[in-house]
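Listed next: structures, encoded as structure tokens.
In the two assemblies presented below, chain A is common to both, partnered first by chain B and then by chain C.
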Partner chain A sequence: MHRINIVSESFLKFKTSKYFGFLVLVVMTLFFWGFFRLLSPSNFGTSRLVISYFQTSIQYAVGGCGLYFIVVMGLFDFSVGANIVLSSLVGVLLSRQFGYWGLIFGCLLCGTLIGAFNGILYSRLRIPSMIVTVGLMLILESVANYVVTLDKSGFPGKLSNSNILAFGHAPWNYLAAGIAFLLMVFLLRFTKTGTYCNAIGSDELVAKNMGVNVERYKFIGFVLLHFFVGIMALLTVSYGRGMLAVTGMSSMDRNFKPLMGTFFGVAFKKYGCPVTAIVLGEFIIIMIFNGLVALNVPTTINDFVTGAVLLTIVSLTNRGLKGSVVK
Partner chain B sequence: MKKLLSVILVLGLACTVVFAAGNKKPLIGVSIWSSTDTLGSQCKRILDAAAQALDVDIMYVDQGHVSEKVTGSAETLAAAGCDGMIICNSASAEMNAVINTCTKDKMYVAQFFRIIDKTANPNEYQLACQSPYYVGAVHEGEIDNGSNLIKILAAKGCRKIALEGWNSGDATFLLRWKGYKQGVETWNKAHPQDKAVLLDPQYGGTTSDTGRSTAEAIINANHDVDALIVAGGGGDTLIGALAAIDSMGLKGKIKVVSTDFLADLDQQLASGGMAAESGGHYADPLFAFMLVYNAIKGNYHKPAGSFYEVLFPYLYVASSQDYDAYAKYFVTDLPYNAKELSAMAKLSEPDLAKKAAALSIQDVMQRRK
Partner chain C sequence: MSDVILRSENLYKHFGITTAVNDVSLEFEKGEIHGLIGENGSGKSTFCSTLCGIYPISSGRFLLEGKELRVRSQVEANRHGVSIIVQEMGTLPGLTVAENIFLGEEDKFMHGVVKNTGAMNREAQRLLESYGFKHIIASKMIDNYSFEDRKLIEIIKATYFTPKIVVVDETTTALSQSGREELFTVMDRIKNGGNTVIFISHDLEEVIDHTDRISILRDGSLVGTVKSSETSADELKRLMVGRELTNRYYRTDYGQSVSDEIVLSVDNVSVPGEIQDISFRLHKGEILGIGGLSECGMHETGKAIFGASYGRKGSVTLKGGYEVKSIPGAIKHSIAYASKDRDTESVIIANSIRDNICLPSLADMSNHALLNNGKLDSFAKKFAELMSVKMTGIDQYVSALSGGNKQKVVLSRWLGKDSDILVLDSPTRGIDVKVKADIYALMSELKARGKSIIMISEELQELLGMSDRILIMKDGRINGEFIRNQNLGEKDLITKMV
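Then we have the complex of A and B:
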């Protein structure tokens, strides 16, 4: 009896540890890989193809890491997609004169500055982040359309110089994404920012009463989010070899793929492995997309399946207790 | 003091309104998927030139081929006081709302790059015929275009052909797809021992990163394809697809054809990135613009129970030499200068339609002698 108690206590301890979180993530990844591999062994899931899926997923994972900072605090930012567009176009424009330096710093600096602007506006206006960022999205889209008109190269918004496409393929895209993931881990584990973001998300009032400057850390959250969005812009514009300026809130489409990864991160926060969850979550989403194409399922059904899978995973891993208040 | 300032302000505003009303230039709206992508920016270039030549105000609404934005664009342009609009819709079903809006707000409308299919969309077709404000449509022979591209690929030895569209249900894509299927059927009938296969389409959106990820997924799922048709989407989808093929080390091994000329088509043809392209049709909206302009001016009166239909030719480019001639007259310059645009506005509708059908590289060369 005593031995059974020890075993069940150990198991309960294991169930709340980060190793269990990793195990669940790995099992889920293998499950989806195995599912499509069984159904379509000739054109899905070989080692070469898995690398290709991972390479496509990392740009969204970087964005998902950035979104984590504010989603975990209960905020939201609809302007992420517009920032990706604007930062990409600024990077492309500056790359005409300054090559790689222009591309990298254009994307990162523009992204970060937008984050600071978002943060200031949110704290000054004192209205919900969702509303502020919808307005900002429209503004940023207009600015992006203006930036495109400044590009007189004949290929507006396109990375036409084949010498600055390194971030569109290995190993440079892995390097950029890897740096972003390590930075994310460092910030969450070893800095006050990570701790306080989680604290504010758990209970803002308690955090405030404990002396945490909530407004300051929300501002920092926006800056960090958009810094990571700047990295995502660099990867996205290099991946597609260009960026299209859009209007009428069309940039909102770009919010949702990174956000799905963020949901994985939030769901696995309790196991202490949000970054791994974001990376593997995005990988699973891209695997599902490619698996359905391998099965010749139209891309319209693809979105339905991806949404359904996401809901299932998040509700199974992050279901609240019966009777609890769900925000 | 405040009262005096208020009175001056009101008087000033009233004068502006009266002045504007008395000197009102025609205002023509353009509802387009994007005025900044490869094809969209070319369309904007020629439309701006026409507006300048004819002393017309012009405004653009980008709708991204999203249905509710397409129908909303008509309301936006009507609310902005447009006398007419030209529209490139996505699905023909959207034209129901667009035509009703235009009829209600007395705004003339013509389609470009699109036509309502009488068989597939009988209600919209009937509405278009009956509305006094639906002037007509300028479009290309999309089925023939699709068929010709398959002919080019089959002649180059391609037998397993993948297809990347941009948006599911798009009217132009459906016609091109019909053309591709027809082309494959024609080839297979003539070569029963050497058949070609066309795969079902996947949709890559209208941006280059989604174009790339979809192309990669298609090629990963079908590693023995020897050709990829990127059906359209304004040019950015093709850029992404070419990036996919290049990054997978398959440049030149998978033949790519598309519609909508790229800005660097000459380099792509020379390097083997592209096998052929149909396009050069960015002047299509110009003729829709002319239809609406003349309707506003009262020069054109559409036939009862019908509408004007203008067929616009595609140019086909399959080599660097072909492209050089196109670039001289269509890229570096526009195919029509200000004088020619002003003269075009004075043509009758049958002559305008003939002018559209006659446009080619040789036609421009002749006029520039």
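Then we have the complex of A and C:
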């Protein structure tokens, strides 16, 4: 009996540790890989394909890391997709003159400046972030269409020079994403920003009473989000060898894949491993998507299954208390 | 023990028209545990909240060691040597134990912009062990710990920096006996270190046992200060409730019989962690008062009757045999409910008076799923005017109304629905005397029309003045029942509450 008690106590301890969260994520990853590999052994899950899935997922995971800062505070940003488009186009435009430096700084600087603009607008207008960022999305899409007209290269928006595509493949894409993930871990664990963003999300009034400058950290949250979006733009434009300017809210489509990773991050926050959850969460989503494609499942069913799996995982790992208000 | 460390001078705190702290001048001495007692709403917590920067002072001042103390946040108060352990949960989920302990004080572990998380965790762990809370791990998320453990963490957060003043605001209710002992040990340690504890509790025996002096507040004003060794629980109760009754708004009838017809039966109702085994009957035309201390379970009882509790066991049955299990079912069968938490549970703040009044009656006024706007307007107008809601029009947003007028909107809603049973939780909370009188008059009128009312209230005078029968709850159970009579006083109720 005593032995059983010790075992159950040890298990309870393990269940609340970050290793448990990590283990759950790894088991889920292996489960979905094994599941689709079993059903479609010839065109799913070979080592080459797994690497390809991972490379696809890391660009979304970078955006997911950025979104974490504001989602955890209870805010949202619809302008992420539009920022990816605009930052990519600015990066491409600057790369014509300054090569890699132009591409990197164009994406990162443009992304970050848009973040600062969003943050200022949100705090000045004092209206919900969803409304502010929908307006900004429309503005950014229009600006992106204007930026395209500035590109006189004959290939507007395209990375035509093959010498500038390093971030579209290994090892540079891993390096860029790896730096982003390490930066995210650093920000969450070794700066006040991570602690304060979590505190604001838990209870804004209590955080305020503890001396947290809520407005300032919301602003910082927006800046950090869009800095990561800038890195995502660098990867996206390199993967796609260019970017098309869009209109009519079409850029919104780009918000959701990074957001899926963020949901994983928020769900696994209690285990203390949000960044691992974002990275592996995106990987799982991309694997499911590709697994269903390998099984020739129509896109509509594919979307249905991917959405259902996401909801199941997040609700099982992050269930609210009965009666608690969930917004 | 003769030096004054903290003094409040003519302190006032107003919330709109309500004066929560009324001209309180009080002295706290070095090396003492000073009890602060009073009824619910007497201003104890508000007084301490102004000291700790949670609420700004309306007028007057605090002097800490002779210097004026005016702080804007808890962290600022901490820096001046004043801390508080609050009644509600004072820790934040989503952060580690260490992050919670040092929230707002991270600068101690910063090297430039880099936080030395390892050092922070080690220091938090050292503190946890020095307080004897070895089972709590500093680096773990606080979400993994129970409410009691989180209170223990709060005790560390509030005391690790050896503050000059520590406020313990009704913390003991959240702790088990061993947790209480831990808290009392910490309080004694603070006292022996020459610092001061302000101890707020409703448990009078506990206050007498663990304090040196006790100050009593009533209706926001200071009644007096007594030595703990020279007083008794009975004397404290007398001081807490010893005001003259001002019952001119209340019913004046006594000895009126209530109908034998039972309209609602509550049988063995329990809600995990809130109420246990509640049973009573409500009669036609009866005003049944339910009272007790704030956390006694009376508010949850109201929700349970309305079908709004989670995990409820037992049954709530209406006269015709219908068993209430959900809110829609309750409304459909003529039960109305006004929550204590008016702004978040009773009115839809960002909506018009019209929509708020019409909401539960929409089905009655729709024609084949189509709503008739003219009908809605006249319906809302009729009941808003009947309740004398002060408004510019029924399209005015509820957010622009005063607390009393919001409550009138809630009551208009249920009057419009013509509900037979009204569960009114704290119907006059935070509203002025005039509106109070209106609401009491309405209740009397509804009673005369055969409607039955369950009035949940923390105000003893209100319970005594309006109820045909009073149930007093303690620790989630019914602890006493009183029938309306002229000799019944607050003291009788308090004996069953405390």
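In this section, the second predicted complex is superposed on the first by the 324 of 327 C-alpha atoms of A that agree within 3 Å, B and C clash if a C-alpha of one lies under 4 Å from a C-alpha of the other, contacts with A are read in each partner's own complex, and residues count from 1 in each chain.
In this text, a contact is a pair of C-beta atoms (placed from the backbone, for glycine too) under 8 Å apart; a residue touches a chain by one contact, two chains touch by 3 or more.
No experiment lies behind these values; they were computed from the predicted model shown.
The superposition on chain A brings chain B alongside chain C with room for both. In the superposition on chain A, contact is made by A:148 with chain B only, not with chain C.
When the two complexes are overlaid on their common chain A, residue A:244 makes contact with chain B while staying clear of chain C.
In the superposition on chain A, A:198 makes contact with chain C only, while chain B stays out of contact range. Shared-chain residue A:168: touches chain B; no touch with chain C. When the two complexes are overlaid on their common chain A, residue A:269 makes contact with chain C while staying clear of chain B. In the superposition on chain A, contact of A:281 is made with neither chain B nor chain C.
Applying the stated contact rule after C-alpha superposition, one finds that A:52 touches chain B and leaves chain C untouched. In the superposition on chain A, contact of A:156 is made with chain B only, not with chain C. When the two complexes are overlaid on their common chain A, residue A:72 makes contact with chain C while staying clear of chain B.
Counting the residues of chain A that each partner touches, chain B and chain C differ, and the larger count belongs to B. Between chain B and chain C, the smallest C-alpha to C-alpha distance in the superposed model amounts to 27 Å. Listed in rising order, the residues of chain B touching chain A in the complex are 34, 36-37, 41, 61-64, 66, 69, 168, 199-203, 206-214, 216-218, 220-223, 236, 239-240, 242-243, 247-248, 263-264.
Listed in rising order, the residues of chain A touching chain B in the complex are 40, 43-44, 49, 52, 56, 59, 145, 148, 154-158, 160, 168-169, 236, 239-248, 250, 286, 289-290, 293-294, 296, 298-300.
Across the complex, chain A is touched by residues 53-54, 73-76, 90, 92-96, 99, 103-104, 106, 110, 113-117, 140-141, 143-144, 310-311 of chain C.
Listing the residues of chain A that touch chain C in their complex gives 16-17, 72, 189-192, 195, 198-199, 201-203, 206-212, 269-272, 322-323.
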